[in-house]
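Shared chain: chain A. Partners: chain B in the first complex, chain C in the second.
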Partner chain A sequence: MTVSQSAIPRVDAAPRPIRARLAMTVLSYGGLAVTTCLLAPLVGSTSISLSRAFDRSIPFADNIDAQIFFVARLPRVLAGALVGAALASAGVVLQALLRNPLATPFTLGVSAGAALGAMLAISFGTAVALGPLSPVPLASLAGASLAAAIVYALATKPGRPMSTSVLLLAGVTLNSFFSALILFVQYMADFAEVYRTVRWLMGDLDIGGLAPIAAVLPLVVTAFAIFAMLPSSLNLLSVGADIAATRGVDVARTQRLAFLSAALATSAAVALAGPIGFIGIVVPHLVRLMTGVDHRIALPASALFGAAFLVACDLVARTVLAPVEVPVGIVTAMIGGPFFLWLLVRKA
Partner chain B sequence: MAARAKGLIVVAALAIMATGGLKVLTTGGLKASGYQIGTGAHRIISLVPALTEMLFAIGAGPQVVAVSSYDDFPADTRTLPRVGALLDPDVERILVLRPDLVVTYGSQDALEAQLASAGIRTFSYRHGGIEALFQTMRDLGAAAGRAAEAERTAGAIRARLEAIRASVRGRPRPKVLLVFGREPRSLQQMYVSGGAGFLHDMLDIAGGTNVFADVPREAVQPSHETLLTRAPDVIVELHTTRPIAGAEIARERAVWSALGSMPAVQNGRIHFLNGDYLVVPGPRVGAATGALARAIHPEAFQ
Partner chain C sequence: MFLHLQQTSFQYEGRSFSLQGVTLAVERGSLTGLLGPNGCGKTTLLKLMAGVLHPHGGTVVFDGRSIATISRRELARHLAVVPQETHPAFDYTVLEMVLMGRHPHLGAFQLEGPDDLAIAYDALAATGTAHLAARSYMSLSGGEKQRVVIASALAQQPDVLLLDEPTASLDLAYQLEVAALLARLNRERGVTIVLATHDLNLAASLCHSLVLVRAGRVLAEGATRDVLTGAMIRQLYDVEADVRFHEASGHLTVVPIGRAQ
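What follows is the complex of A and B.
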């Protein structure tokens, strides 16, 4: 759709305008993300007194306002920003890598692998924890890594570009295969656990502390460091591997970096919050409509907009039916789905 | 897998109702499908563990010819043939055993229709509160030709519950958070009793004030923020699938310190109760309520 022929970029033609546009983008989208992240912790199912929350004279253990702010809301908002940014960026990168506008962070089987890991941990009640990672996130991270490794091994041959069709087919097949395993595990498990596994699939940002964020932060930082190296090559790659190669892009290396960074970001996001859908497909398309298809602009803009979008969706999730919560994955899908359809119709 | 699963069907039912949200079932009893009171069944198959327990409690145990794959109480059920459960009832095995009454879940429409076409009566179970439990017991007694025994058993359970209510009467009723499931080492994926259903009723009899009494559902999935706001005085965790003990309890207790402003955490009033019977809406509801009452009002039972 938006990754089209008009994407033929002039990579080194006009460095200054692109730098100015990038600055504008970061300023405006960054402003949106920061504003959302600053406002979101102020709102919740309860009303709290901010002056009390930041009153150091009250011991933290006795300060309910401070606990609501620092234990319940702040980690949620930060997790939402991190997960939103990670999934939206991974979506942009994979849509370029696969040259397919329908690619999402979950296309390559990473989320299905994560889900299988989580299902096994929930159903068999493993108690293996690693530092701040409790058993279920740990198992989902392991499952995601396994899935990514399988797809990577299938689609790469030494010294040659990846076959995007093999990538896609391997990812889709692995998704189906893991889904079958998930259904099998669910069918064999107890009812209460089946329900918990279903709930896990809906996504949850209420992580109750900063430790889980700290645990996955190295993965996300690594992924974003690689993302930062990719945009110019992705511009060429999204037009075609041959064109990119003639323009001096090391296609095989770019593809591998793109795949690994997207897989890393997706695994971290899913381990932290479950497979929250629609961010990875709606945000990239929406942002490209606003900024154009140049990845040097669209990638950072998507990351920032994804952060703001997920934090806002989670705000809806935790307040609209309070004291009962709506799983955030339902909110993103209910807002994202119709919106995406509207975009499709409008474009057509 | 079957051995540890008893009663979990109930928990799952609670959880499913919580998200479904629309269908809060407060009445139990029977959906008659070709069923007539007055003729006691001689060959009963029960797919509902809570009702299997009731059948044995009212003396209809010898009439039970098969049970669900989740049944393990009383011990007599362990030698009986197993014919599946809520999701996977084995119709062929059920038919081969020639039952004249099959106890089913109210949602097993397809199975009920199949059995009806084979001329077999069904007793359709609907999950509800404690009063519904007594009604179910009486209806089941009538269906099994054990009406008098069912009446007596229900009376005995009611007397036990009333005794518990009496022993905590006049004492302050602390705000209680009743947890029946959560992720290990984390306060995520937590399920607690809302203001409907038999767990809520048990908590009320045991002298506690449910912190989620105002939410008209059987199961609530609270966020950290809601937990902090509700500020329970006592937390009772029911561990039904996997009993916990010793160091594991210490580790799981420590998880709550993240929400240190809650009185229950400050005063160390976090209790861990083990056992499937805690979540089975059957004859052991008196024992379960007693366990709750002892956790909430230890001083009343010294």
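What follows is the complex of A and C.
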């Protein structure tokens, strides 16, 4: 029981201090993410026994349960967590950078660039492979980087804050331009290549092993290291560039870091699993409804919730029509699409 | 000289407007008004003083140092700005908005502590917005928003406060309230204040000194009672006005009569 004394300023109605909120957020959303990642590999079209999967006495070649767990499901769950966290965080960062709650990681043309790269690799695919990355992820990474570099070059002038309206318009325009190129290549390509491209565009977390994750991990880790430096500056940047500057934010530097880290995370995610839509917009909005809009809370919460959300969506994708798999991009879009429309209607 | 513009020039790309060799000085502890017609350069001057824009010629000197050599973070611990309007992209609470004023005092990964919270609540109390702390900023009225942004600037614990038309969107009662708040901050906390305004009566009642700006040049500069005259207002706005001392209010009042021929 608390006794209210009128002589003392009322602090009982005050919001919890940021430290406690951050700790609670990391614990609860982290718990959710970890639980999802632990449970998801156990569920699937084939039921497996965890004790048998970890039974060292059975040779790995003969242990079907271990093969399903370690080769098919675990890399897939880890990829889902990584991609979900990367896309959701990139969404949060770009929405603050562009001061536009409807921006997504794909607004900047990154996904279309990646898709063009993948399409070219599929259609004219030579055996160019770099380490564990096969030609398609490699080409999509190159395409994504190219798109990000073009948009960045258009929107920046030395020593000046970025023009967020140019950033937005250039991204949207580049998206259509690359889409037109993709359609052209598809028009010229044969049936099987078109099918492979379309399948790639739907997004797929079935990456067949841990090597591709290891290949993009440095990019994602770098992006997240930058994300960690940004939240309080993003708060101010989303209030306004001028006010952020007068509150002590180096606006040009923050904008550059925000753009580069978001582009890095998005490129890595798309190279790994294709352009999985709506994570970057649904998750930030859902999380803000639950945690409030302070980026110091909403950014880590979105990363963790994004991981859990995509792993869960992939679980649905694997099991809902088992033994047939639904591409995970379809599942996220089927949940994300209506939610996005509801947001738009609610805003109007 | 506390805040000093020396022969500063500035031109926006692709626009005809320019500031040409403006020199003006703001004394420590003063309360200065910037007056002038629309597009004369008031906001540009404020942005130059805040270091948000960089002059193409001349220098802006703050406390003996060129403002270009002071980091944003260090400057923000001494100088705060209240823009004309503030529209956050997300729906922050009032307390969150005010706590953002603590940003220049916190390290890169440092979260605000009890001291910062106390300073924020003090700023809320000083602006009469403590009861709004948990409210959403976007749901506030124009007057409340303006006072919250002033509170956020106060949380920076600045020596200098620059305000761009702080009363433009406010009704009469809030105009008086904000004016009283600024006078109190200046008197009790010694905050140096520079405000741009179109409200001549506000300037007359509040400001110790005035800077009149027209077409990117300083027309006149000095104590309010010396500068605020009918002749000056005619030169500044091409408007005939009756300026006289008002007994009940204790300051000059300006009644515009018509456009000068």
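Here, the second predicted complex is superposed on the first by the 323 of 348 C-alpha atoms of A that agree within 3 Å, B and C clash if a C-alpha of one lies under 4 Å from a C-alpha of the other, contacts with A are read in each partner's own complex, and residues count from 1 in each chain.
Following the convention adopted for this analysis, a contact is a pair of C-beta atoms (placed from the backbone, for glycine too) under 8 Å apart; a residue touches a chain by one contact, two chains touch by 3 or more.
Since the model is a prediction, treat every value here as computed from it, not as a measurement.
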Should the superposition on chain A be reported as showing a clash between chain B and chain C, or a fit?
fit
Chain B versus chain C as contact partner of A:T46, first or second or both or neither:
first
Contact-wise, after the overlay, does A:V345 reach chain B, chain C, both or neither (first, second, both, neither)?
neither
Touch check for A:I18: first (chain B), second (chain C), both, or neither?
second
Quick check for you: in the superposed arrangement, does A:A153 touch first (chain B), second (chain C), both or neither?
neither
Figure out whether A:V324 sits in contact with chain B (first) or chain C (second), or with both, or with neither.
first
Rounded to the nearest Å, state the minimum C-alpha distance from chain B to chain C in the superposed three-chain model.
40
Overlap of the chain B and chain C footprints on chain A, listed as residue numbers:
none
What part of chain A is in contact with chain C in the complex they form?
9, 13-15, 17-19, 22, 95-96, 99-101, 228-229, 232-233, 235-236, 238-240, 242-243, 245-251, 288, 292-294, 296
Residues of chain B touching chain A in the complex:
1, 4-5, 8-9, 11-13, 15-16, 19, 21, 86-88, 181, 183-189, 212, 215, 217, 220-226, 228-231, 240-242, 248, 258-261, 266
Show which residues of chain A lie in contact with chain B when the two form their complex.
44-46, 60-64, 66-68, 71-73, 122, 125, 127, 129, 134-136, 187-196, 199-200, 204, 206-209, 318, 322-325
Quick one: in the complex, what on chain C touches chain A?
47, 50-52, 71-77, 79-81, 83, 86-93, 95-97, 100-101, 103-104, 106, 108-109, 111-114, 117, 121, 133-134, 152, 156
